[in-house]
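Have a look at the structure below, then the notes.
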Amino acid sequence: MMIALFTDFGLHGPYTGQMKAVLHQMAPGVPVIDLFADAPTGNPRASAYLLAAYGTWFAAGTVFLCVVDPGVGGARPGIILKADGCWYVGPGNGLFELVERRAGSTRSFEIDWKPERLSASFHGRDLFAPVAATLARGDPPRGRPLSGKTHRRADWPDDLCEIVYVDHFGNAMTGLRASVLAQNTRLAAAGRVLDRAGTFSDRPAGSAFWYENANGLAEIAVNQGRADRELGLAIGSPIEIVR
Amino acid sequence: MMIALFTDFGLHGPYTGQMKAVLHQMAPGVPVIDLFADAPTGNPRASAYLLAAYGTWFAAGTVFLCVVDPGVGGARPGIILKADGCWYVGPGNGLFELVERRAGSTRSFEIDWKPERLSASFHGRDLFAPVAATLARGDPPRGRPLSGKTHRRADWPDDLCEIVYVDHFGNAMTGLRASVLAQNTRLAAAGRVLDRAGTFSDRPAGSAFWYENANGLAEIAVNQGRADRELGLAIGSPIEIVR
Amino acid sequence: MMIALFTDFGLHGPYTGQMKAVLHQMAPGVPVIDLFADAPTGNPRASAYLLAAYGTWFAAGTVFLCVVDPGVGGARPGIILKADGCWYVGPGNGLFELVERRAGSTRSFEIDWKPERLSASFHGRDLFAPVAATLARGDPPRGRPLSGKTHRRADWPDDLCEIVYVDHFGNAMTGLRASVLAQNTRLAAAGRVLDRAGTFSDRPAGSAFWYENANGLAEIAVNQGRADRELGLAIGSPIEIVR
């Protein structure tokens, strides 16, 4: 049992800490892991491909507390999704679309519990964290089954031809699963065509390539360099599949 | 029971980790939360308004370990404050002034315990963390009651007309409690006059406004934008109340 | 018992979180501390001096999980080092050279355990974290004793005349232990000659100096300023000892 956080809050500032305070108070003893605190800011679409790639690595029973929520305080519902034995709690803005689409078995709920005090701008702390904590304790979901599909985003592609994350080393993750690409696939990014490599040490220093990262995403890298700066890549940069 | 950290250390580097090592060793099993690791650097005055706004959100019994301490190694005393059932431990440089001024009941102590090894530059690890850990274990405060007011800052205002924090989204928190401002108050910042909004989704994309944030501070924001860059705001920028 | 992380991953992104997920799953209840998440990127040599200075501060029994591993996926071995009662787990690329050289008693092992799934690019998660977790549980090391010295770096100096870390305040740590420097030693950096001070408050605002930091390293600082910007220092900048 574990709670994993997936947000666009940044680790600095009070937001992650206040959510953790709620979790420790309501689900004492359950470890809380920072998975991403810097998911694509205000961008549930790019975040959805990142979450789907990393969520499946965790053991069944994990509760994901997910907040990429530019519409907080507006009309979007709060959602609980059970997918292949893990729970996902967060805004119903498409953030769980790819997890739900790729899972073998799913059930989804609209949160109908109301906290005593609900701020207009911080549902992560006031609504989603208490709901996640109760799931981590083994309580039933605080919501009613969703029958319709209004929270789904059927129009989003199965894989996203965009950069969805740039890490501390300057490596640029795409929203493409390497498993859907033929072995000899080349990717075009920022006017460059990149071959596939097995790993960093396969390539001479300074050369750009793509490879399957440790969570199955196609990732663009430069051995002993920064792909983001050398190729001019950022979250949202388009990628093209070259065959 | 919980220990919350409020520092200007940054999360990177060894400082927060070493303090947590002391806390886990001396108060095993007590959860430790990062509230702010990026309080205004070397600025106990701005930090004091931020701490007062966020501290009251926590449950009674919380121990706040607070280090914004530009005078470390100099003459300022070490302080323990009990305020409305919570403990605050840190330097006596005004950092607790607003917590103490606004609390219903307070007791304050000057730390008189001396560690075996006290570095000149890291009292957070060597002095304040052990004192906080013993309070979290339920031991009496390692200090003697303060009778005088030498650690107080009576000259600081009740609310601070300055930016005291800029978050990951570019939102700029002021040192002003929204509760002391009339509903139709406008705030002037960087030559702009800003109306109050209920929350982000009330406003068109790109428009600047102020609103009461989830911890009661007046905060300046731009819907789907960054207030810090668009208005040129940083910690210390002055704010004016326009009626 | 405690696990301390020493990596160049950055705190953002999924890497530290995934390692912690492995640790919490395999060694439940053992506290995990972030010591450095921003060790010199891809630079095991500078990192080795930093690790040696900070590792000795921790209590015997601590397990250090260390990943500064530019050669991941290549030929370098995985290493377990026991040094003065603490365990160090990570790549055999010199990262433990100074810990091993300075310790009173050491034993070293080459990891011979193979995980079921080993990614090419993330041995921190797939190999080193499970090995560290088993040591934290008290299990014997998953490796065979190293007889040779192929993992050693006898050519590296005992102290490094370079900047090895710049902290959140702009203070620049050198790879020099203050204990090997005479009291009146001056250090030259970026064309400036700096005197030694006891601590920050000894010096007028704006003046640059060096002092012994809380972990015994010679550190260059500017009182109420940023040494990195004012002197133009970064990781790798050379330092000279002036007598």
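For clarity, chains are labelled A, B and C in written order, and residue numbers in each chain start from 1.
Simple rule for what comes next: a contact is a pair of C-beta atoms (placed from the backbone, for glycine too) under 8 Å apart; a residue touches a chain by one contact, two chains touch by 3 or more.
Being a predicted model, the structure only gives us computed values, none of them experimental.
> I need the rotation angle between the copies chain A and chain C from a CA superposition, between 0 and 180°, in steps of 5.
120
> Counting shared numbers against all numbers at the contact of chain B and chain C, is it over half, same, or under half, different?
Counting which numbers both chains contribute, under half are shared, so the two copies meet through different residues.
> Return the distance between the CA-based centres of chain B and chain C, expressed in whole Å.
31
> Of all the residues in chain B, which ones touch at least 2 other chains?
Touching at least two other chains: 10-11.
> Report the residues of chain B in contact with chain A in the complex, numbered from low to high.
2, 4, 10-11, 31, 33-38, 54, 57-59, 165, 167-169, 198-202, 211, 213-215, 224
> Please give the residue numbers of chain A that touch chain B in the complex, ascending.
Chain A residues touching chain B: 8-18, 20-21, 24-25, 28, 38, 41-42, 70-74, 119-122, 125-126.
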